[in-house]
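In what comes next, chain A is part of two complexes: it sits with chain B in the first one and with chain C in the second one.
== the complex of A and B ==
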């Protein structure tokens, strides 16, 4: 079977790469420009340190860990260094890649590992709570650290008291930032960053929603290189503007019927972080005309969603679109906290069934033939409950293939066996390899 | 019409010829390092046994871990799909197939038409596969073929906790040193594999009847352990290690008929 649809590369691809590389370079060279470096998780409220100035550069740990994972040789050196230092090999593999870089004093983007000036973290899982504590052990106790506890339960159970609890920590955090950096905090910059934060996340959801189209304008392997910007610095104008440009291009692809996979005849989604060193899995699917249109992970880690009038999932309206005016710090922080606690990926830390409901919604609305579940040994947080998700998806009538692996430690992934498993799954769905 | 199914497995290559849907010849050779040559040897042997030439075959379908190495095949099918076809033909009442080969254990749920509904395969681990028993036989200094009968003579169940072939071997050594009988240790090995396989099968939901195939199905001790664990009887074909080759041959029939 030959090509059914036209396909073409993304025009904004090079820009996506450039923004990402500049981000890592800016962190490394921040001091040369008189700026500051902060480190923390990709789930951190990054709009808040933005109030310290435009020369304050973040390094988020998870995408850094993924970048290391993509470089198999360096990742292995990191794992060995971490194990030699006495840490267990079944800990979060992103965290181990990050610690390994510190121990080796090597930045995967070149040069020595840049030491942060302060740590700005929030606690979404056990690993996140310990990650930067160990960073301080390794880098030096002189690095100040502020952590925000966000364990307030799922969004549907959010109360004013719970919101106050998180917002209160944010207020404390701003005072702490002023104290440890000696800089005066600028609320106008905070308000601008909160707007850009919401804009980035709403537009990314819009991009993902466009993938409901048949043929899908984007495949998940490509989406990994695009959603990453939201994990790096979602509150920056650069990212929000880039997502607008991307959204416009994807809209145009939909209008012109441009497909990600020219022979698309089967649609699946994945789940959790992929084994980064083996994204070849997604190209292998294409041999069957199978496109992975995304996942709750790619849609919901950055994308912010709401149920539209017709009952379907669509991008959440930003505060600006809702006509909400942000005039002061407290309002900005309350909007930021409330917005972020609604993040889809945040919900299933509490109940697996919340994740199952969202996955079934995606399977239906994105017109899927099946689901590939990655039992990711590298991430306890996002893999917890995944076997229950499998059962729920099957009960809802969606065929599921599961495979074990690790997002950041290739020693726990068997490429040949995974491909064999894909063969059996595709065969069971009555799809044959495209030999043309 | 004559067709052939070739199962290029991790340890042995099995070849089988069907004539008008009936098995007329079978062969099995050691896979070795050159699977291509082993596959050819298996085909030559089975053709000789059937008194046929390669040109007499309407279609050849390959399966198994080395299926892509079977250069003379006209099509391939996965082990999961092949087992589903074979068991649906041999035991139409079967809804679950458990296949334990040298390096992989699989559980497959099939429909009444022999279609794969769900499946599970053991992960990056040898503890649910035939190689595990071979390693344990070596540790116990007994022949693999002796394990089944020895196991049935066991007088008591000895728990074996290891879920890894490497650690299990050291556990076997510990059991030897603590003066457990060989019979009890062999049963412990079989119980451990059965536990792992049963757990994998439960993941997809066990539905009766249950068929057991693959070379390990010849081990009566293991079969006994698995029956006890699953608390049900098992349907085992006469030549359980030829199940995949048979399924591949049925796939070849479908292809030859233009399916």
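== the complex of A and C ==
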């Protein structure tokens, strides 16, 4: 069976690449412009350091680790350097890619590894705070570090006491930022960044919701190159504006019936970060006319969702859309904390069933034929409860294929075996390969 | 003299069932030592720590991905095999993600009357942790009151504090005896005592230990001195390993495990608000590495233990895949090295390869004895 639908490249693709490369370049060259560099996680509340000025540039560890993973040879060197330093090879592979870059003093985007002026991190899993504790061991204890613990439980159980704990740490963080940088903090910049943060995450969800359409206007492999901006600097105007442009283009694709995969006849979703060095897996699926339309990971790590009047999942209204006025620092921080604690790809840290319910919802609303679960040895946080998710999806009637791998360490991924599993899975679903 | 602890450890289920029959009370199984047992004692509920059985098993594979630590899977296996069927409730205090899955899968698949997740703060070095935890303990107290149908008064809480503090004081006394040049108890016996204390009514434990402490100092000791070791790292109740090492002319004199000293080291300092006093103890206790950031405060504690107990060498163990400890191991080995204490690292699983480990430990002990081949 050949192409059923029209397809075409994304017009904003080059812009997506440019924003990402500028981000990494800006971090490396921040000092040349008199600016500051901070390192932290993709989950960090990046809207807060934004209050220090427009010349404060972040480097978030997870997407950096993924960028290293994409470069298999460099990733291997990083892993070997980290193991030589005495660290276990089963630790988070993003973290090991990051530490390896420090040990080798090589920035994957060229040049020496740039040392941050301060560390601004969130603690979400066993590794997040410890990741940067080790960074200080390797790069110098003189790097000041502030880390916010967000582990207060699922959003549905959020109370004032829990929110106060997170917001209190944010307030302390602002005082700390002023002390370690010597800069005066600007609440207006914080408020603007909080608005852009919410705007980015709501619009990204809108983009993902457009993928309910048959044929899907986007495939997951492409989405990986787009959701990443939200993991880099979601509170920046550049990212929020870019997501608006992307949303408009994807809307247009839907209107014109443009497909990501021209021979789409089978729809699946994946789960957790992919094995970055083997995104060819997604191209292999296309031989069966199979498009991966996303995952809770691509939809819900950055996208913020809510249940709409018709009972379906759609983008969460931003505080501005809800008519909430943010007038001061405390209000900005409360909104930011509460918004982030509602992140879909966070709830499962507390109960796998919360994730299973969201996955089943996606499987129904995005009209899926099956699910590919990546048992990701590289991330204890996002693989948490994955075996229970498998049981729940099967019980709900969705065929599941699981495969083991590692998002950042190719030594733990068997490409040939995964392709063979895909063959068996597709055959079990009665899909045949296109004859080329 | 110390056999009672071994018996309690080995017959933990029989003990708990008998306790229930005798008292008609409720038993709660808990998964992490950040669970404030003071409040459970105040509610007249018996807290028992759920540990594994060190047997190979195949029942957890559908529930917990094999990259999580063998300890969390071994604990879940006990529940899935029905060995804890007598429990009325389960409880966890937030610590690592691994053991959290044991709690959630238990809740999903094993019928239980009461389950409670205490969102114990991880940022214990923040000034925000104490008021937050105090508030959460208030919520826990209310949940227990609702479940048991009885009010928990300040008097009850102070009684719970006293039971726990007494147990801590007595166990510290037991550990003090291990400072002697030829300690009157082995590391294995000390391990049995601490893990038994996590499984039985502390009132029974306190009474028994008090009696033992009166006689123990007079216990005859071997004349030959042994190599003094410390053992530290992840959860560890691998009694076979300790027995093997202590059969090689070595003795464990101190530890840093949540199944050992970290469990009982700090007491609650009573104040007018018992819940705040309890919260303060758990925020300030010797931390699990999952909560020991941004500064590694545990390292100074470890060094002090090693020096005060005149340790000659350390065995650093880690449950396979235990991220929090893995993240601290290079720093731990370096800290010990700073004070001249060599360390041997070993990775534990549900069962350990005793033969291989024996060879490695023998080589380590030879190095400590500075034995020459010729």
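Definition applied: the second predicted complex is superposed on the first by the 435 of 436 C-alpha atoms of A that agree within 3 Å, B and C clash if a C-alpha of one lies under 4 Å from a C-alpha of the other, contacts with A are read in each partner's own complex, and residues count from 1 in each chain.
One rule holds for everything that comes next: contacts are C-beta pairs under 8 Å (C-beta built on N, C-alpha and C of every residue); 3 or more make two chains touch, one makes a residue touch a chain.
Computed from a predicted structure; not experimentally measured.
> With both structures lined up on chain A, is it a clash or a fit for chain B and chain C?
fit
> Just chain B (first), just chain C (second), both, or neither: which does A:101 touch?
neither
> Return, as a multiple of 10 degrees, the angle whose vertex is the Cα centre of chain A and whose sides reach the Cα centres of chain B and chain C.
The C-alpha centres give an angle of about 70 degrees at chain A.
> For A:353, decide between first (touching chain B), second (touching chain C), both and neither.
After superposition on chain A, A:353 lies in contact with chain C alone.
> Quick check on the superposed pair: does A:427 touch chain B, chain C, both, or neither? Answer first, second, both or neither.
In the superposed model, A:427 contacts chain B only, not chain C.
> Comparing chain C with chain B, which touches more residues belonging to chain A?
C
> Is A:93 touching anything from chain B or chain C once the two structures are fitted on A? First, second, both or neither.
Neither partner.
> One more residue to check, A:263. First (chain B), second (chain C), both or neither?
The answer is neither, since A:263 touches no partner chain.
> Tell me the contact category for A:164 with respect to chain B and chain C: first, second, both or neither.
second
> Applying the touch criterion given at the start, work out whether A:417 contacts chain B, chain C, both or neither, answering first, second, both or neither.
first
> Considering the aligned complexes, could you tell me the closest Cα pair distance between chain B and chain C in angstrom?
In this superposition, no C-alpha atom of chain B lies closer than 5 Å to one of chain C.
> Once the complexes are superposed, what residues of chain A are shared between the chain B interface and the chain C interface?
387.
> Please give the residue numbers of chain A that touch chain B in the complex, ascending.
387, 394, 399-400, 402, 404, 412-414, 417, 420-421, 423-425, 427-428
> If we count contacts the way the header does, which residues on chain C are in touch with chain A in the complex?
61-65, 67-68, 94, 96-98, 100-101, 104-105, 107-108, 117, 119, 121-123, 126-129, 131-132, 135-136, 139, 289-290, 293-294, 296, 318, 320-321, 323-324, 326-331, 333
> In their complex, what parts of chain A are in touch with chain C?
85-88, 90-92, 123, 125-127, 129-130, 132-134, 136-137, 145-149, 151-153, 159, 161-162, 164-165, 168-169, 172, 349-353, 375, 377, 380-381, 383-388, 390-391
> How about chain B: which of its residues touch chain A in the complex?
Listed in rising order, the residues of chain B that touch chain A are 65, 77-81, 104, 115-121, 123-124, 203.
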